[in-house]
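Input: structures, listed below.
Each of the next two complexes has chain A plus one more chain, namely chain B in the first and chain C in the second.
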Partner chain A sequence: MTTDATPPSTPPSPSPGIPPSPPPGTPPASPRAPKGGPRALALQRRRHSAARFWKQYRTHRAGLLGLAALAFFALAALTAPLTVGSDVAGVTSAPGRPLESPSGEFPLGTDQFGRDLLGLVVWGSRVSLLVGLLAAVLSVAIGALVGITAGHFRGAYATVMMRITDWFLVMPALVLAVALATVMSRSLGTIVLAIGVTSWPTTARLVRAQTLAVEARPYIERAKALGGGHWHIMSRHVLPNVMPLVLAQTTLMISSSVLAEATLAFLGLGDPTVVSWGGLLQDAREAGAVSSGDWWYLVPPGIAIALVALAFTLCGRAVESVLNPRLGVAR
Partner chain B sequence: MYRPAAPTGQLNGPAPAGASVRAARARTRTAYLRHVAGKLGGAAVSLLAVLVTSFFLFRLIPGDPVKYMTGGRQVSAEQLAAYRREFGLDLPLWQQFTDYCGKALTGDLGTSYQFRAPVIDKITEALPNTLLLTGTAFVLYTALGIVLGTRSAWRRGRLGDRLNTGLALALYSVPSFWLGLLLIIVFSVGMGPIPGLFPTGGMESGGEEGFAYVVDVAHHLVLPVITLVAVEYGQTLLVTRSALLDEMGSDYLTTARAKGLRDDLVRRRHAVPNAMLPTMTLIFVNLGRTVAGVILVETVFSWPGLGGLFYQALSVPDLPLVQGLFFVFASAVIVMNTLADLIYPLLDPRVGR
Partner chain C sequence: MNTQDQHGRGRPNPVKGPRLRGPRLVAAGAAALALSAGLASPLGPASQRAEAKESGKVLTVAVAQSVDSLSPFLATRLVSTSMHRLTYEYLTNYDPGDARAVPGLATKWSSSPDKLTWTYTIRSDSRWSDGEQATAEDAAWTFNKMMTDDGAATANGSFVTNFRKVTAPSPTELVIELKKPQATMTALDVPIVPRHVWEKVTDFSEFNNDKSFPVVGNGPFVLTGYKADSYVRLKANKNFWRGAPKFDELVFRYYKDQDAAVAALRKGEVSFVAGSPSLTPAQAASLKGEKNIRVNDAPGRRFYALATNPGARSKDGERFGDGDPSLLDQRVRNALFLAVDRRTIIDKVFRGHAVEGEGYIPPRFSTYFWKPSASQELAYDPTKAARLLDEAGYRKNSDGKRVGKDGKPLDYRILCHATDPNDKAVGKYLQEWWGELGIGVKLNCLDNVTDPWLAGTYDLAFDGWSVNPDPDFVLSIHTCGALPATPEDTGATDNFICDKEYDELYARQLAEYDPAKRADIVKQMESRLYDLGYMNVMAYPNAVEAYRTDQIESITTMPRKAGNIYGQDGYWSWWSAVPADSGDSSGSGGSSGDGGSTGAVIGVVAGVVVLAGAGAFLAMRRRATADDRE
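Then we have the complex of A and B:
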């Protein structure tokens, strides 16, 4: 346990899968709760549930592995300006000869312009991770907004929203994203938007189901009786309860966004001025790396994509199974 | 033989309750017909929405579509006007839209800019090739996913399960186009001791006939199908696994075991049929992902199907063709999902009654 705020008298949590942040207004579990008003109490409870969450997350070996891999990639991406620098992407002053095989000087070889591939893969992680992250945040934000409002406001609004969601759900997301990316200008913003607005429906459905479950609880009725409005209920009661689900969903969504970014870049719809893993693969294909058997050009960017996607998937599944032990994810 | 999920009407026996069974059947039939009508109506609305989207989405494009047709050549103003007339781009937008809808209903999706041929002809030309590739891959990855997923769930937490899910997750995270390119390098171009075993792309070598042609196509089919199956089976595996795990705590399985049934009978006759229902739904919902996979795999292997055509159309961009293919891809998924919705109540008596 990392927190020191746990009084020794607190009984062990009865069930491992209690969703964090129980409704405000429940009497404090321990007589020795710190004084200082409801805010401090809520804060303490949050800390408790975070600690409980981490304690259970630690038991998922795959999740820890994913977390470690993510830390590694994040570190590589953040320190890239120091380790490789932005001039690694310049074609005019490339250090090597075109398409050199891996050697001591260039551990992963060089591309068709003579640029160092190791440097490019490290530099490309910045764009791939950034786009994946932003697209996932956008997608989950749309999904959560649609899900919460559709679960809160019943009636015609919910029906229309869920129809739209269902329609997006059966649409082949990539085809829609490709279509959007085709009609807009080539930039990173376009890619983020194209991925974000096509991948939200799953989140919307999950969040709506959770919202309906939360709103059926009596404390929502109590909040209404005390005069809580729509905004109050959605932001103070529903949102904290769907937040864990939203976090798990974001983690899983980043994985598919990274893949989608690579796919769009590979189809030639990415921003040609920046280096990304998908873009590197497209470069490799255009440079004829496939027909000449230059496997060392193709392997590193693909492995990087797969590892990042896998790491986020592992983390997302671990988070999911902590929150919902019934899912029965293998440990 | 004991049947776990027998419809109640058959258990009652025919003689004493004949009339009420008939009435019950008539009631369920009406309910089913209502279900069918609802689903078909929903599908029609979705298809209409796709049609509208496919038209307006590609009108958002900045710039003049005629520019793409001429490919940057210097063209006189008269010629541009002629192009516009030829493709109906000189009409007001609403009139273009009504024309488009009217024609789409008769199967006319416009004329491709780059091929100067009707879009529908290009699509019907490529469709059988895509169906061959997708159909083969779909059958294989569904079967593989269900079999491995069942094994995995039944031996949950054991080494086999961990390896199975681990491999599935890893392959699920791999970009399909990258896997395809690697397979080409290793098995087509040849690497080290491995000679080029398979063709690098295309669907036929040409000049073959009869049985030799079938073998030739099958030979070309191997690598694309392996790629698609590898990236897609993981999803089916995970879905099957979690559906079966949901069933595994159920009382009827304990009962079946208590009766002394062999372990594999409990699995095959009792657990799996019930786990199959949610699995089937999710398999059809996930078809959209398969469409994406098909586009990439066909592009990488130069397979002469709809996906390859889509890539060619994108690089121009050949708007009528992109638009037509968008419509075809989206409708394919909608139609398959509707079919699944229609079949579902026949498999599970609890749904739609």
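Then we have the complex of A and C:
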């Protein structure tokens, strides 16, 4: 593994390092840049680092497997309106009899309304993946914001923010999410919010640590001396440096968000009229499928949840090991 | 309007208890607990069973509903009032065959010619479990306490609002004087408590009767132990005047998860499962094929209805809540119900374990059962529904949504019980049927529907009540007199219906002592209720329950021919249950459970394999990345 494993951690835009902006026609100190100035230069460097990233990612077999699984699920979810159509969730037009076991016509059997379970699992992937993604993005966004500001400002503000983070960290996230989902109206937005606001503390801690490390570097001091304000430093120097970490964290967070969504839906806190994997499990439980041995109602959504969570975890781990932030910090 | 609610909410009302008033203890988080309870239960029962075996034949019943209070003055839920049926005597009881009034603590009763003075003869062969004689004095004290102490009137107070005076001239004679005639004097469902024990209670609104055991009573069973959401234990009363129960002990054990209860039944850990409110069709179907298990699928005493908010208001005329104003139009209400295909609900949601809804009172009570005439009936007819909506001024716009004259689209919130799968299933159908009409539907499924219900913040709601042999109570909850006094109060009203014509009929039936004439008036009330369209009965769900025939040889249903076992009007089922001779239930129980659950086993194995695979994969992955790091 090469030592500069954190390629994007160098500031992408060279401009802040150059105090009196020279005339645009003369690109400063960049002999290899063909033309177009600093912007093209940055673009080129990003392209390079992306290529380098991919080259290293390719060496992780499990990561590739996870990526392939993800691509498969994403494809299934995106093309669902064409393959199964929204009619699959309709109860009045259900094609089969209730709780039919798997057959040629219904490869995964039917649910309590006589709907095709294969279609429902495909259709349910849309909601499960969407909620997982949104919740993860929300969670990581909150975590990054808290982490960067706490790492940057330090002092009383940081102490307060970190104590709040600690409070959320020790609070059992599921209990908190259940409480939130109970008091708010039942909708997808509620679930996204409930997962998002309860799962950010880990990200905040990670990002704060990385921020502290980045801010200790000499060029931050230089930027400050040249008049760079708080916003400038956080957005131009710190954020790009914590971005890889944030990306890896997001990928990992999605899998836990998908699981959390399924858990909440299974506990009956989701919108009962929306088809999702956790909701299917909840339907199965309420219909008494567990005690009556109708396994085809329980197993497919369960396996789908496990596979997606696994795929995201594999990808996240691969990304993490490629962008290993510890090496960057140690440097 | 003191005659409005003769029957208090203390009536065994299995649906109302859990569905409306009683804040469901199955709260959000408790769903998680339910899972763990289901997992933990196999351990608990084993030990309890072992210790119970020593004392003789034990009948174990799986229940889910939490006890609200063991005090007869406070309890309103089905599980609690069932306990009181078992541990206290009432003046009268209902015959298990035809539900007519039969002797309870009173052996006979008569009324004066003006129908205002009732004299009950109290039996002299009933003793309290501490050895004291049960007398008319106890009954008089119980009624007087309810008439004078508001705390004691919490559950059954409405029974006595029309009482002028209750006296006990001798230990075997009880005299009740009324202010106005009251048709329900042989259906007073008030547990009579021992005066010498209850005299010591200071605050009736706080005392829950669950501290010292055994609880002194004179019913067929004596309450010997209770732990909230864990168990209720009762011992047979060998000196019960009607004869001792055949089982020595009766244990109600809690299974918050219905699947866990069914699994316990398969294993023989429990003898009886009622389900809440009943077993699901899938569970019933899978249990039907089991050896030694009998599924009792009988006409229930419940109705399952769609209630519309008629604009919540209190007795002082103040309006509150936010029910959709369009629902005040009878055409709109009727149109909504016209678009509900009851046949499909019976076939698909209940899968045949219910009867199509017609009048307000289920057909099981044939005296009072009424059905709409052909011209009156709101049979499934979406075209007619669309026409009615057009007439009412709600036409479809370019998006296919129906909008009122003010341009506001019709969007309804339906209040549903998150813990009742039927609500959600029917809700999905409503969403599609009404969606085709151009009406938006939002299912608002809550664990605790009581708050929005009492506040009137709903448009439509799934509603259900258990009907007693005497229908007075379920009729009283739709009268103006049942409205809350002020918006802050809680009234006995079901969903704020207040109709003058209905109220007049109600007062007439209450004062009518001739059964045939009274039934006729009750039917007119049902007809009025049907036309108003505030209470649309969709189905009469069956009681679907199951028991082990190798543990219970026979048990009385009510009505005897085809009826329910759990939640009867009386103690007949548990009192009459005969233990099976064999005794070794564990052996056969264990083997019979295997057949049906093979699929589940396969599923679990598949799940474990996938998880193990994932785990192994992650472990490999971890090692790989660890190598990278070093």
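As a convention for this text, the second predicted complex is superposed on the first by the 291 of 331 C-alpha atoms of A that agree within 3 Å, B and C clash if a C-alpha of one lies under 4 Å from a C-alpha of the other, contacts with A are read in each partner's own complex, and residues count from 1 in each chain.
Throughout what follows, a contact is a pair of C-beta atoms (placed from the backbone, for glycine too) under 8 Å apart; a residue touches a chain by one contact, two chains touch by 3 or more.
The model shown is predicted, which means the values in this text are computed figures rather than measured ones.
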{"item": "First (chain B), second (chain C), both or neither touched by A:Ser49", "value": "neither"}
{"item": "Partner chain(s) touched by A:Leu281 [first = chain B, second = chain C, both, neither]", "value": "first"}
{"item": "Touched partner set for A:Ala262, first chain B, second chain C, both or neither", "value": "first"}
{"item": "First (chain B), second (chain C), both or neither touched by A:Val178", "value": "both"}
{"item": "Touched partner set for A:Val299, first chain B, second chain C, both or neither", "value": "both"}
{"item": "Contacts of A:Gln112 with chain B and chain C, given as first, second, both or neither", "value": "second"}
{"item": "Which of chain B and chain C A:Trp167 touches, first, second, both or neither", "value": "first"}
{"item": "First, second, both or neither for A:Thr313, with chain B first and chain C second", "value": "both"}
{"item": "Overlap of chain C and chain B interfaces on chain A (superposed complexes)", "value": "62, 174-175, 178-179, 182, 185, 267-269, 285, 290-293, 295, 298-299, 302, 306-307, 310, 313-314, 317, 326"}
{"item": "In the complex, chain B residues that touch chain A", "value": "45-46, 49-50, 57-58, 60-62, 156-157, 161-162, 165-166, 169-170, 172-175, 177-179, 181-182, 184-186, 189-191, 200, 242, 245-246, 285, 287-289, 291-292, 295-296, 299, 310-311, 314-315, 317, 322, 325-326, 329-330, 333-334, 337"}
{"item": "Partner chain C, residues of chain A touching it in the complex", "value": "1, 60, 62, 90-92, 94, 98-99, 112-114, 174-175, 178-179, 181-182, 185-186, 267-269, 271-273, 283, 285-296, 298-299, 302-303, 306-307, 310, 313-314, 317, 320-321, 324, 326"}
{"item": "Touching residues (chain side chain C, partner chain A) in the complex", "value": "27-29, 31-32, 258-259, 262-263, 266, 279-283, 285-287, 344, 348, 351, 416, 418-419, 421, 424-425, 427-429, 431-433, 443-445, 447, 596-600, 602-603, 606-607, 610-611, 614, 617-618, 620-622, 624-625, 628-629"}
{"item": "Chain B partner contacts - residues on chain A that touch it in the complex", "value": "62, 163, 166-167, 169-176, 178-180, 182-185, 255, 259, 262-263, 266-269, 278, 281, 284-285, 290-293, 295, 298-299, 301-302, 305-307, 309-310, 313-314, 317, 326-328, 330-331"}
